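Two complexes follow with chain A in common, the first pairing it with chain B and the second with chain C.
This part shows the complex of A and B:
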């Protein structure tokens, strides 16, 4: 093999460089994210398992029903009817996106843009404080 | 029979003059409520709903206008941006000249000229904004309300150019930074989307009246214009009524009682 004194170290450096994230995180496994669940309410609109797996599908369905179709009632798994609204239904229990949604989303590096527009109850106080500081 | 160029141009010119003359007479003189109603609504469709608004400009005072605008903007988290060219507004007051530019030359009375007019999205039966939207972010509901879906809006501003009433605003800034009051029950918008009045469809769906109608304390009428028994149809029929730019054929659903 020609130039093996350069090629082999080159290959080794290449492999090390590309597996660096693996080496850096070795042994330091991060804890599984623990979103803060609401204390007062135990039941969501659907079962825990369904919400864990398909909450994004449900939210998309709600979004289309409320805005495109003008339907504002949803019948949950327990037979109860709910008002279709992110801020007036979901966020009455899940009061903070930072302590609930973002904990898992950050872990899996997904960045839904709900909070560009929608206002979480805990954000209201923050916005008000921000306003007072700027005026 | 062959027609030469000269003759063709003569006929075309004459028919153009005649045509526009007749149309303008018909469009501009009309002011009686029942005739406006017949022109804008036509036969109507029985059993269907078409929300409409009638603003009684005779009774609206300046304080009323302020209160109404405040009620709407506060409830819908409309940002308060001081720069007039970049301001966001759902409902606002303006002069007669700006509200009815083609009638300003017809020499309206001093009193009519000095009134303030509340302007908002007209929720046209024939909305131009809906036709030009490339992503169907703005669409017309079966009850006639023209809705803006901020989830889909890409901020191209075609609808703003198309709307003859200037009722659409673009978010040049992050609106959350310009909120004076925060209503936690309603979302704000994000930078780069177009927003406008939505006739409070979220309240109508729950059987409530729009915020402006509530704040006007009986000086704004609201209802189903296809229902001949409804109060709104009655007040429009019985009064002198103006609609904005009827000659464009957009069939606006906001009527001004004068």
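This part shows the complex of A and C:
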């Protein structure tokens, strides 16, 4: 082999580049963080599989129904009706943004900006405490 | 013909995981076995190709240059166009690989009446840049699916890439780049008769294959959502060599189509024209310094030549030479012999 002083480092660089996930995960990978599911309730507004993959589509549909079409009731797959509201419906069962939504989103590195305007339950609790005078 | 065969091949490659996962339930086969197999072939194939190339001797120094060569100190020379040492070669190679500098010089030749006219043709360069940079950034962004702790730089890339916040989830700029680049490169082959004439199935197939990967990825993000949380569980398992299908998660079939096409690409890569990713570093017209006049280049396949020197010849034909009345140059040959002995000692 000619120029092995350059070719062998080249091969090593290629291999390292295409195995980056392996190196960067060394020692760092722990158990997958699980979102905290509601204890009192059994079912979400749709099936679990659907919610896992499509909750953002559902939220978008909810927003369009509520804001653009003025319809504020949603009929789930099981025939139950829900008030369309991110803060008052989703977050009534899922009581925490941090332990539920964000736990997943941080893990997959996605950044929905919903809580820039909508008020997360944690913020509500903070607000209550503030109103009661103990900051 | 070439187009049809390639398209059919990619459609077949889409149907295999589709049927395999949705009808036969071979999740872990397409999620674990095939990816490992494909990446094994990718690495072994790539190393094999590199070693094969590196074993070929380079008979001549043939850098292609288009600038003033380094010569006398008061003549300015072009470091990038005619590199004189390794560092300038590295610099030149860097611009070649990252910005496709030589493709930027692409020309087109047209016959206008009886006049041959050359004009600049930057479209190929532009399409290639869109495609390659889009591909590279998409690949880097995908690291978020493989890393437990996502480095913050990936979040910045994601932020910039979805900067315009069009659509929901926001459309990535790089997705448009890679799609636009691919469509241009494909149309170029289909529409331009000159290029079409020299295009084989091995030119169309990679284009359709990568188009399939990109379209399935974009569909997955915007239309047929999959459980990305489950995908990440699987991907981390693969990356840490503890592969397992995610428990109680249902990843959509389209993900397996995406992954299978990626695996096909990986396994096909070393044996197709796509190895130009590695081949570019082995291009003798790019990777050699133009120092022909400074340093003697010895062809590595030259064998040692047996010389017959003047003095040996004179010694051999001494008698004949003397008979013919030639004057022997004994004095000089003595000097030569002394020099030889000194060298040997």
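Annotations
Assume the second predicted complex is superposed on the first by the 101 of 135 C-alpha atoms of A that agree within 3 Å, B and C clash if a C-alpha of one lies under 4 Å from a C-alpha of the other, contacts with A are read in each partner's own complex, and residues count from 1 in each chain.
In this text, a residue touches a chain if its C-beta (ideal position, glycine included) is under 8 Å from a C-beta of that chain, and two chains touch if they have at least 3 such contacts.
The shown structure was predicted, so the numbers you read here are calculated from the model rather than taken from an experiment.
Residue contacts after overlaying the shared chain place A:2 against chain C, while chain B stays out of touching range.
Once the two complexes are laid over each other on the shared chain, residue contacts for A:53 go to chain C alone; chain B is not touched.
Of the two partner chains, chain B is the only one that A:119 touches; chain C does not reach it. In the superposition on chain A, A:25 makes contact with chain C only, not with chain B. Chain A is touched at more residues by one of its partners, and among chain B and chain C that partner is C.
In the superposed model, A:111 makes contact with chain C only, not with chain B. By the document's definition of touching, of the two partners only chain B reaches A:128; chain C does not. Of the two partner chains, neither chain B nor chain C is touched by A:16. Once chain A of one complex is fitted onto chain A of the other, the partner contacts of A:72 are limited to chain B, with no touch recorded for chain C. Looking at chain A, you'll find no residue that touches chain B in one structure and chain C in the other. The touching residues of chain A, when paired with chain C in their complex, are 1-4, 7, 10-11, 14-15, 18, 20-22, 24-25, 28-30, 32, 49, 52-54, 56-57, 60, 104, 107-111. Against chain A, in their complex, chain C makes its touches with residues 39, 42-43, 46-47, 50-51, 54-58, 143-151, 154-155, 158-159, 168-169, 225-230, 232-233, 235-236, 239-241, 249-250, 252, 278, 281, 300. The touching residues of chain A, when paired with chain B in their complex, are 63, 66-68, 70, 72, 86-88, 113, 116-119, 121, 124, 127-128, 130-131, 134. The touching residues of chain B, when paired with chain A in their complex, are 77, 139, 141-143, 147, 149-151, 176-177, 179-180, 182, 184-191, 201-202, 205-206.
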